[in-house]
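Multiple structures are listed underneath, in structure tokens.
Next come two complexes built around chain A: one with chain B, the other with chain C.
The block that comes next holds the complex of A and B.
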């Protein structure tokens, strides 16, 4: 259990730059998720911490120790792999005890610890079975037990739930979080699934093309995205190209529409290419076109409607290429395709995004 | 009614079956009749050829030399081929395909050309001897023509490419993440090989080594050319018995002994691996 520090870490593979100058600190006991699309550098970061690859520049510290040049087997790290990577020729007890045996623990200690871990993952009856003889979810938990057997300084997880079906994935998210909190183990988790990231993490690091786009708690990331990429990647959002933000009034002009809307005043953002982002659940339908203060309005025609159980989505054509999507409780949505509507949303929920 | 397309396969099945079974039948049957000289064969069946084989030290020695050179060649091919196969299997660039293609091409170049290459390299003023003498390791040129070392080298040259391809396909089936998992959980590279790679590749490697051994046991060209008429293996001896002594029945006997020996060694190896596996030392 200790913190992890990456200082100015750079890595490229041939011409492809996987990581540009990455600085990242993971606090002791923290559950940190690296979130991003494939190729964003999240797995590279994880493999650098593990020691499977070496950075071209920069340092990696575990606790206070510089481990940049230390081989993986001496870093005292536990790792859960995407395909679990359980040893097919060893029993489940042998798999879990692997790291302890490699570190020459006495046999009795290994057995006791394996028992303890099988209890922790709630699979006490499977010792002598082989990985192929248990289900995918069970293999997953066994892989976690193996990774934490020799109490590692850090636990790394590389998309560990990717191979499971949706229901099981949700159960496992809770399960993994429980185990992590019970052991209070510093954890770095890699995923491209934003729901997974938000469900489990203390802190999320959104990555894009080898750079950190934004980091923070799930709510910060979702409610206050700073860039168009983050807003779009985490959750659903309607994006409008915009120009000319006036910090004093909060007024912006939308590209392709002869209309201005407001965002909160005196935002730090600015720069050349700006966009406005509004979450589908923040948009409502106005009864009248008359403007009320603190609200934005946009007129359009309903072009589509989908039903998703508790929620219904309306697609509203406002004269831009992409329709604006709004999402509301099913029983409150009365409009149908072809209806003229006025969209409205609060100014303070309008997000000003840079590129 | 559903058309039974399987029947279309029947003729080719019969032809292949006939070719394999009939040829074996002819020499197996022939091996039980005495040669009368000049290619004539007696009408009455007897064990005389087999008796001769197992009482004549020359024949027994030939069998021993065949098994020994083949066994050594198979083991050396494994030792040389495994690291190469491992490297190519774990390479993450386009070079792996290029290297693999190179090995395939080299493997299927006729062994005659490859053996002449070997002979040139190992000749008295060839590359190897110049180096050895230049470094002062030997005083007189070292030759591999006409001795067993040469035959082993020739057999290895014949099988190394196949060996690398076979081992490559075995290693490919073992996910790389298993190696990573072993390492991150505290195993050194050596311990990883011992506890993960070796047991997981053993069944495939055994089959590969057996195939290479079988190829060596039946190899004629490299053994004949490098043996230089002084080292006899069974295939070389069979050729001489047919072409120079014109004793078809004795040749049949030699072929039968070769066939049975290969069969026995293969069955024994598979049996041993099974035992190991059920004893939980190895698992496929």
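The block that comes next holds the complex of A and C.
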């Protein structure tokens, strides 16, 4: 178990810059998720830590050791791939024991360790079967067992749940987290699925076009996104182009609307390109237009309504191109398409975002 | 302007829909009739099999001829007996042994050259990769008889220069066979490598295996079906070759097909059919054995991911 440190790491493929000057530190025993859309550099980062590719600049440290120039087979890492990459010609036991056999452990030790791991992943009977003979979820767990059989300094997972269906994915999130905590193993997890990231991680690193946009715990990222990108990528949000933030009063002007709204005072940031973000679940409907302090108001007409079981979404046209989305418990939503409504939300839940 | 184009396109759409509706089937859907499709399928398959198998059936059948000596193939055989099987000349058995050994070594050599070549073609980053891969295909595009003459000339030139003459020697013959056998292994292994998931190798690296161990324990077993297929082709090509061997063999040192060729040319008798039939049976056994041992099992496992 060990920490991982990336210092000023840069990587490009031809003209495409995959990573600009990345600095990242992963704590011992931490479950860290790299979250971002495809092409944001998250997989590149993982492959750099694994040693499958080399950085053009910068250093990679595993523990106190500089491994920048060390080949993957000497880095003592564990890697789990999206489609598992189990060896098709070996039994499950041989797959799990592969790393130990390569390191010339005695047969008895390998067998014991394989049994122990099959217990850990709760698949004791699959021993002599081949990867093609077990289900996707089982292959997934076997891939994890194989990666941790020889305790790695860091466990790297590249979208390991991407090939599974939704229900199984949710179970596997809990399962992976359990295994990770039981082994107290430093883990770097790559995904583009924000729910997955929030469910499992100690810390999330949101990446966009080769840079880190924001890092922090799931709640920080969701409740206090700093940029428009983070707010939009993690969860659903209504975004308004805005300008001229006044730190003393907290007032900002929305583009395309003849109206000002309030955000918390004395926020850092500001500048020319600003956005206001409001989560759909933070918006309510006001009975009258009377202004109560601490609340923002915006008038509009309901243009659509969708029912999603426990929640109902209203789409409200406030005179901008995109409707404002509001989300509430189904039984509390009475408005229908065509109704004139007033949207309201607390000032402290208004998010000021930079680009 | 905008409005009118939008309007017109709507009209056109309406027309198309009307035309489609007009041509719609009227009346109830047709019932299933006599299955002509199925029948013609079976007839087609049967004809194909007859076409492919009839030469062998004739050869095997005629080898059981029991009548008097004759100089043409008699099919169906009269008075079936095994007499010609007892009259196979020993020269044919000697030639068979040579051919078998030669083909086995040719297949082996083709693998030793072909597997690394295929790896280089698929994985390598050399600028002239496409040229190299067509060089490896070239022996298939040159008529074998030309290859045979070319090798003979080469050996004369080489012999005149060094005093070492390769024509009529095992080494000389082997090099010629290797030349035509290798492209088959390159071809099949290239094909399977192109589908190979590189992440299997990355997984092996991450588990502490070095390049050689990764090749030995992961890459090679997964591409093995391609290697078997290529080796089998190489074996067949070498075993059946006449046009190259005929130039590179010498009296008393003759491969099986060349021996048969001379036999047919000079004094034909049904013992040739008898020995051919033995070879056919032997090949069938080997193929069935391979299928059981490595074929199906291996292909299934490496194909599923």
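In this text, the second predicted complex is superposed on the first by the 355 of 355 C-alpha atoms of A that agree within 3 Å, B and C clash if a C-alpha of one lies under 4 Å from a C-alpha of the other, contacts with A are read in each partner's own complex, and residues count from 1 in each chain.
Definition applied: a contact is a pair of C-beta atoms (placed from the backbone, for glycine too) under 8 Å apart; a residue touches a chain by one contact, two chains touch by 3 or more.
Bear in mind the structure is a predicted one, so any value in this text is a computation, not a measurement.
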Overlaying the two complexes on chain A, which is it for chain B and chain C: clash or fit? clash
Which of chain B and chain C A:132 touches, first, second, both or neither: second
With the two structures laid over each other on chain A, which partner does A:307 touch: chain B (first), chain C (second), both, or neither? neither
Quick one: is A:50 in contact with chain B, with chain C, with both, or with neither? Answer first, second, both or neither. both
Which residues form the common part of the chain A surface touched by chain B and by chain C? 50-52, 71-73, 75, 77-79, 81, 83, 85-89, 98-99, 102-103, 130, 146-147, 150, 156
In the complex, chain C touches chain A at residues 197, 199-200, 202-210, 213, 217-218, 221-222, 224, 298, 300-302, 304-305
Interface residues, chain A side, partner chain B - complex: 50-52, 71-73, 75, 77-79, 81-83, 85-89, 98-99, 102-103, 130, 146-147, 149-150, 156
Touching residues of chain A toward chain C in the complex: what are they? 50-52, 71-79, 81, 83, 85-89, 98-99, 102-103, 130-132, 146-147, 150, 156
What residues on chain B touch chain A, complex-wise? 175, 177-178, 180-188, 191, 195-196, 199-200, 282-283
